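Below, chain A partners chain B and then partners chain C, in two separate complexes.
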Partner chain A sequence: MTALDCLLQVEDLRVAFDTFQGRLTAVDGISFRVKPGEVLGLVGESGSGKSVTSLSLLRLLPQPPGKVEARALLFDGRELQGLGEKEMRRIRGGEMAMIFQAPAGALNPVYTIGCQVEEVLRLHRGLSKKEARTRAVEMLRLVGLPRPERVAREYPHRLSGGMLQRAMIAMALSGKPKLIIADEPTTALDVTIQAQVLELMKEMQRRFNTAFILISHDLGVVAEMADRVAVMYAGRIVEEAETAALLKRPLHPYTGGLIASRPALAGERKPLQPIPGQGPDLLNRPPGCLYHPRCHRRREICRQESPPELQPEPGRRVSCWLYAEEQEDGGGDR
Partner chain B sequence: MRHYLARRLLQVIPTLVGISFLVFLIINAVPGSSLSYLIGPHMTWEQIEAREKQLGLDRPLLQRYLTWLSETARGNLGYSIRYSGRSVADLIRARLGPTLLLTFTALSLSFLVAVPIGVYSATHQYSRGDYLVTFLTMAAVSVPVFFLGIAAVKLFAFDLGWFPVGGMTDIGREHGSRLGYLLDLAHHLVLPVSVLACAETARFVRFIRSSMLEVLGQDYIRTARAKGLAQRVVIYRHALRNALIPVITILGLSLPLLFSGALLTEIVFAWPGMGVLSLEAVQTLDYPLLMGINLFLALMVILGNLLADIFYAAADPRIRYR
Partner chain C sequence: MPAEPLIRVEKLTKHYLNSAGLGPGRGERVKAVDGVSFFIHRGETYGLVGESGCGKSTLGRTMLKLEQPTGGRVFFDGRDIFALEKEALRRLRREMQIILQDPYSSLNPRMTAGEAVGEALEVHGLARGREKRRRTEEMLAICGLPAGIYHRYPHELSAGQCQRVVIARALILNPSFIVADEPIAMLDLSVQAQIVNLLEQLRERFGLTCLFISHDLGMVRHIADRIGVMYRGGLVEEAPQEELFRRTLHPYTRALISAVPSLEPGKPKRRIVLKGEPPDPAESWEGCSFHPRCPLAGERCREEKPLLREVSPGHLVACHLAEGGDKP
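Entry: the complex of A and B
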């Protein structure tokens, strides 16, 4: 993948927070790319830095206490880090939109659904008030809301979580974005509603060929929709692969653990096994592989040195000592 | 909504009865009586006692209260003792206008001033400006209103001569036109309104600041930012509208403080409102007048709160629809 056919290129993103207990490193040098129209899944346990990553892309993280640095944050050929606030605002909601987790809290309680969708249409599409009103109803119809004219006049508290999330999707699509970041878009919803919302996002993605970064702690949700999956652990990407390959043969023991903890992915027969232990203390990162205290395949070196990033197969990467020797033996491509 | 209103209006009556009974007990616990001030060389004790009997002041407490209550229920607030038998209702009516003018000018002014300051303070939390605002509001709520009033009179009226010392208009002055009258009135209003609005503004600033801070942490503010809206739009359209909803309640709750502040301010500035009237009523233990004034103030406060609740419901769609 060259830089040209790449919509988003993140190189060595680091995010830290200055807290009362000291400096907390939430994202520790991650790199990834998203092609136009591609869906990248970002999975990891809660606290692994997924939301912080997405908020830093749109420069929505409060700074201070946050501090964001990256070697490159290229979006559609532009370096985001140098952009002025005004240009950044044009990108937010316009070229890069966001869908958040809790739909009940993510919409303003004192404005109608229609009003909140119109706001995007007027801001990024330059529509007049009247045009925006008509178009907002069309957008609400597009995302499958019944009686969209009614819904447009309703206040958020009158709609169910699933309907609100549909409205959020309509709002995100209104700016005709090239990339939508969906941060846990189905986590707050009932299981059946989850599936419907996911289905809707897939449909919209195909229809408009919008690229997605789909964030979830649930590998099952991501697997439904993502072309590729990046697995995050404690602020690092420990493995990335095509979705099918990742599910078929996870390389990193943490990915294996995530799969084993999912009923649908692990298969009916196998007992479910949540990964024992907790994530590391981000305030005082221990030396070595951050996963080693919980890893059932750890070796001596895992305790001492951070694993290198390896490419055991084309289009795959993993940061784990298990594959280092393999690669040296086989004379890998590094 | 109509149901709710009817219920609230019905609650007003028992509340007023309760308040008036408490006030009655309190003013009767004060030593002396309405006629104490008459004692002197021109009155004998016998004459005073005869007068007390005539006024019914010798009857038992509860009986006197019930008499007052039944008369009041019929719309008769009684007659002042101090102002030689003028009706309490007339006395209040004559003083009402200036007091309402003073309080509502002060209330509107403090709200208008407090909103931008509170928003600034919240959006610049922990900055120097925020600390300055916090310090000033603290000072403003701590200084007693009469002290502030006297200081203002000394500085701006006596020393600098910018504003009149007191009163509502210049005495004996011919106002050529309506505009001339209004300008003179406005000139007289500046000092008492500023003094009265001072503490009120400070209280509003504090509430708006904390309410804004809470709203700014909400998810929908992040959504508004993620839409690409300008900071100004996020703050004034998305945050302030939500932050002001609880402030409406505060507006209603602040009425008692506002009225008591107004009475004191009026006394300092010789404002021809209910302040001086109530001062004299207290000094001479003019029972009927005291009861009338307190009943009136209680009614204003209750209605103010009722209005605040209605506006609250109108401003918040989550309540409007219930």
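Entry: the complex of A and C
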């Protein structure tokens, strides 16, 4: 992939927080790219650094205590680091929008839904107040809200979680973004509503060819929508592959563990295979591979040295010693 | 199967009076649980699924008389729980324990894990001093916790460890019936399977009868022998686990199953996306509770409330359109 057909290029992003207990590394040198119109899924458990990644892309992380560094943060050919706050504000909510997990907390409770959608349209699209009002109602209709004229006049507390998430999507789309970062967009919703919101996002993605970074702890949700999936563990991307390939044959033991710990909805009931232990303590990161204390295939080297990033197949990368040996002696015990 | 199930719930009803705020809806009756009947055999795990607001948690709590019931009866081993005197009920509580969703708020932040678990023994006058300590440590170990945990406070533990402490506290009284209300909903994916496996082990070891309440259809399918699907305060379908997934009869159950994101790669899904939202429990309705969102609803569904009826042995459904074994 050349830099040209790449909408977002993140190289060696590192995010740390200085705490009273010492330095906490939340994101530990991750790199990824998103093509225009592509959906990249970012999967990980709590503490894996997926939300911190999205917040630092939009520069929404307070610094200090946060500290964000990267070799490159290229969005649409522009380096985001070093941009002034005024320029950043133009990008944020405009070319790059965000959908948050808890829509009730992400919307302003003292403004009507319509007013908040209009704000985006006026700031980022330069519409007049009157134009914005008509357009806001159209946007609310577009995302499938019933009686959009009425919804526009309502305050957030009057709407259900699913309706608020639709309103958030309307807001995000209003700025005609090239990239939408959706951080756990359906986690707070019931399954039938989750299905509605996922369908809506898919439809909007196809219609406007918007690129998405879809962040979720739920591999199933990501599998529904993403073209490619990156799996994060303890601030690192441990595996990245096209969605179908990843689900069919996960390479990293952590990815395999995530899949095996979910019960299936069809077929015979099998015992669940949980990943033992807990997520790593980010203040006291273990030496070697960060996953080794929980890994059932660990070897001696995993305890000592951090695994290199390998490309066992085209379009696929994995950070695991299992595949390093395979590449060297062309086989191994797989 | 023994003739008398351990738990028998008859037409259980719990209505709340909406007294919040001054806006519309004040003074209305919220029918959280509306005439639910079912039973759980000894040693059986009954899974209760539904979306938020369907009344599944209220049902679990009211069954144990943690909420004052509006109507109906619950029999535990043939005894009417709601008719018991206060002291008799307190003694019976040993037999019935509950595990809640949020392990942190279920534990007293000022009590160590050992104190929290051991307290139950003391309260019920079962053990004190060294004996209490020994039994507590034993139960913590059975629940997969390391020995050092006894003197730890909840804030020092991970969510998974906290939930294990809560489970140990529930089991130390040697109950025969456990209500587990969304016990894994707050945990990380990799930890969820650990806790479910632990519950399964303990169920075998102590011969527990369980009510497993969850919105997670996959987990319920995994753990339950029979499953009840709840919508708007009532059961809409009930069947043995395998039967429910193989011959789904209620349109709501079918939509619920199809809505779960699947990990099957490359398998295009025929998803039934329901219109509208889960209903506001305070709203009253006529006819079938599901008709406003049902893709198949007809005239009769709008007018007449369907009753839960048995269409094949052990398979109950409340739908006008579901015939014997045919798909509606």
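Just so we're on the same page, the second predicted complex is superposed on the first by the 320 of 334 C-alpha atoms of A that agree within 3 Å, B and C clash if a C-alpha of one lies under 4 Å from a C-alpha of the other, contacts with A are read in each partner's own complex, and residues count from 1 in each chain.
Note that in this section contacts are C-beta pairs under 8 Å (C-beta built on N, C-alpha and C of every residue); 3 or more make two chains touch, one makes a residue touch a chain.
In this text, all values refer to a predicted model and were calculated from it rather than measured experimentally.
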(request) Mind working out whether A:Ile275 is in touch with chain B, chain C, both or neither, as first, second, both or neither? (result) second
(message) After superposing on the shared chain, does chain C or chain B touch more chain A residues?
(response) C
(message) According to the stated criteria, A:Glu199 is in contact with first (chain B), second (chain C), both, or neither; which is it?
(response) second
(request) Examine A:Arg90 and indicate which partner it touches, taking first as chain B and second as chain C; both and neither are also allowed. (result) first
(request) May I ask you to decide whether A:Met171 touches chain B, chain C, both, or neither, giving the answer as first, second, both or neither? (result) first
(message) So in the superposed three-chain picture, is A:Asp218 touching just chain B, just chain C, both, or none of them (first/second/both/neither)?
(response) second
(request) Mind working out whether A:Met98 is in touch with chain B, chain C, both or neither, as first, second, both or neither? (result) first
(message) Taking the superposition on A as described, I'd like to know which of chain B and chain C A:Val191 touches: first, second, both or neither.
(response) second
(message) So chain A touches chain B in one structure and chain C in the other; where do those two contact lists coincide?
(response) none
(message) Taking the touch rule as given, give the residues of chain A at its contact with chain B in the complex, in rising order.
(response) 58, 60, 89-94, 97-98, 100, 102, 105-111, 119-120, 123-124, 155, 157-158, 168, 171, 175
(message) Show me the residue ranges of chain C that touch chain A in the complex, using the header's touch definition.
(response) 51-52, 158, 160-161, 188-194, 196-197, 215, 217-219, 221-222, 241, 245, 255-266, 271, 273-274, 277-278
(request) Over in the complex, which chain A residues touch chain C? Could you list them? (result) 45-46, 160, 162-163, 190-196, 198-199, 217-221, 223-224, 243-245, 247-248, 257-259, 261-266, 269, 271-276, 278-279, 294
(request) Note which residues of chain B are touching chain A in the complex, please. (result) 218-220, 222-230, 238, 241-242, 245, 315-318, 321
